[in-house]
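Below, chain A partners chain B and then partners chain C, in two separate complexes.
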Partner chain A sequence: MSGLLDVSVSALVAQRTRLDAIAANLASADIGGNPNGPVKPPSIREVLFATGDPANNSELGVHVADIREVRAFIPRYEPLNPYADADGRVWYPDINPVEQQVNMMLAARSYEANIAAIEATKSMTNSAMEILS
Partner chain B sequence: MSDPLGIISNIQRASPALGGGGAPKGAPGDFREELLRQIGEVNKLQEDATVAAEDVLTGRRNDVEGVMLATRKADSAFRLLLAVRNKVMDAYDEVKQMRV
Partner chain C sequence: MFDRLVGRNAMPALERALQFASARQRVIVNNIANLETPGFRPVDVSVEGFQDQLRAAIDDRQARLASGVGDGAASGADGGLSLEDTDEVMLTTSGLELTPRPIGEGILGHDGNDRSLERILQSLTENVMQFRFAAALVRGQFASLDAAIRERP
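This part shows the complex of A and B:
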């Protein structure tokens, strides 16, 4: 029974890490810079999941295999910005806020689904104990 | 004859082993040894939960889920132990009521 809980909790941790990355992306969406200058724009963080839970040496569950840093930038013409390059362009991370918010909702729903699985495990355990009493 | 079931002497012998819960000393499937081992396991889970709660409150770790899991495991294990204990006490009361 406690193995079941480990599986669900590994998913909770993974989804929370994903939400961390999404929050960081949304927060840094408007930080500009010059990829070739001293002040660089932030990169986009993408969380990659993989099966298995190394924390418990389990084949089940999920863990974060890698947090990829994608360096994709879009320019805006802001010649007065001190970070602008020679052509007057400031580079911002190519973050699509709508896409990020959809991913955020997916992460939150998935978290809830795993909480529901934990609740089911809990009620099953408690029911099993009622056999004895 | 004052201790026909060996309960009192067993308890006296059991007391030092309570904390350790080590390898079974009796025959395989010895209920008393198994129970003591399980008590040790439950105690370990309780300690894990306490340490986890302390760690999250003092900021040494930030995975709330892991702490909830440890607490949940400790709670379930203790409930199971309590259920077994109540069952044993019921059986003991039942035997006590017997007319000989």
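This part shows the complex of A and C:
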């Protein structure tokens, strides 16, 4: 019975980390810069999951294996921008808002599914407690 | 069937049922935790397999009791209920150890995960119901013991 919540909570932590990364991506979508200059545009963060939970030394559960920084930029022609390069281009992170929103929905739904699993485990524990009363 | 669930020898069987449900809960919760993990295949153990195993053990004990071995057949730490190990369910000192298998259904996604949220949540709900059912019967057993001790209901 012990450790049942660890598995669900590891997934809550992983999904929240993913939501954090998505929020950061969406927030930094309009930060421009020059990859070769002093002010660089932000890179896109992608959260990678893997099975197992090293925090609890368990094979069950899920953890964030890596947060990949993808350096993909698209240029916009803004010659008056102080960050523009010699050709008048400012580089922005190549973030696809639709893709980010879909991932955000998936993370939120997955978070809810794990909350449902926690509720189920709680109701099991409660009925085990009732044996004693 | 019913007398075996509420009779005096029911407790060992109910104990196994509770152990099975709590071990299976760990498997199901892990499936839910890994809904979005690339390459993960949901796993489960067969409830029917465990119930057959339990039924065989109960029948075996009933046969031994009926053949006149007496109450000795229902004594011991496991109440005379000897569960035969299968390749999915093994009895250890700390409870039941499960060896779940991939449940190969659903379409394999691009991430190599053939999740089926509805099936997983169905087994979650069923498992909780089975646990609560067994726990309620255990509670009933203790209530009858209590009534016997107090000599009034």
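Just so it is clear, the second predicted complex is superposed on the first by the 133 of 133 C-alpha atoms of A that agree within 3 Å, B and C clash if a C-alpha of one lies under 4 Å from a C-alpha of the other, contacts with A are read in each partner's own complex, and residues count from 1 in each chain.
As a working rule, a residue touches a chain if its C-beta (ideal position, glycine included) is under 8 Å from a C-beta of that chain, and two chains touch if they have at least 3 such contacts.
Keep in mind that what you see is a predicted model, and the values were worked out from it rather than measured.
Student: Chain A superposed: clash or fit between chain B and chain C?
Tutor: The answer is fit.
Student: For the superposed three-chain arrangement, provide the angle chain B-chain A-chain C between C-alpha centres, rounded in steps of 10 degrees.
Tutor: Taking the centre of chain A as apex, the angle works out to 40 degrees.
Student: Taking the superposition on A as described, I'd like to know which of chain B and chain C A:117 touches: first, second, both or neither.
Tutor: Second partner only, chain C.
Student: Which partner does A:98 reach: the first (chain B), the second (chain C), both, or neither?
Tutor: neither
Student: Now for A:13: first (chain B), second (chain C), both, or neither, which partner does it touch?
Tutor: first
Student: By residue count, is chain A touched more by chain B or by chain C?
Tutor: Larger number of chain A residues touched: C.
Student: Quick one: classify A:127 as touching chain B (first), chain C (second), both or neither.
Tutor: second
Student: For A:86, decide between first (touching chain B), second (touching chain C), both and neither.
Tutor: In the superposed model, A:86 contacts neither chain B nor chain C.
Student: Considering only C-alpha atoms, give the closest distance between chain B and chain C in the superposition, rounded to the nearest Å.
Tutor: 6
Student: Using the superposition on chain A as set up above, list the residues of chain A that contact both chain B and chain C.
Tutor: Overlap of chain B and chain C footprints on chain A: residues 1.
Student: Note which residues of chain C are touching chain A in the complex, please.
Tutor: Residue positions touching the partner: 18, 21-22, 25-26, 28-30, 32-38, 40, 117, 121, 124-125, 127-128, 131-132, 135-136, 138-139, 142.
Student: Can you list the residues on chain B that touch chain A in the complex?
Tutor: Within the complex, chain B contacts chain A at residues 63, 65-66, 68-69, 72-73, 76, 79-80, 83-84, 86-87.
Student: Spell out the part of chain A that touches chain C in their complex, as residue ranges.
Tutor: Residue list for chain A touching chain C: 1, 3-4, 7-8, 10-11, 14-15, 18, 48-51, 60-62, 106-107, 110, 113-114, 116-117, 120-121, 123-124, 127-128, 130-131.
Student: In their complex, what parts of chain A are in touch with chain B?
Tutor: My answer: residues 1-2, 5-6, 9, 12-13, 16, 118, 122, 125-126, 129, 132-133.
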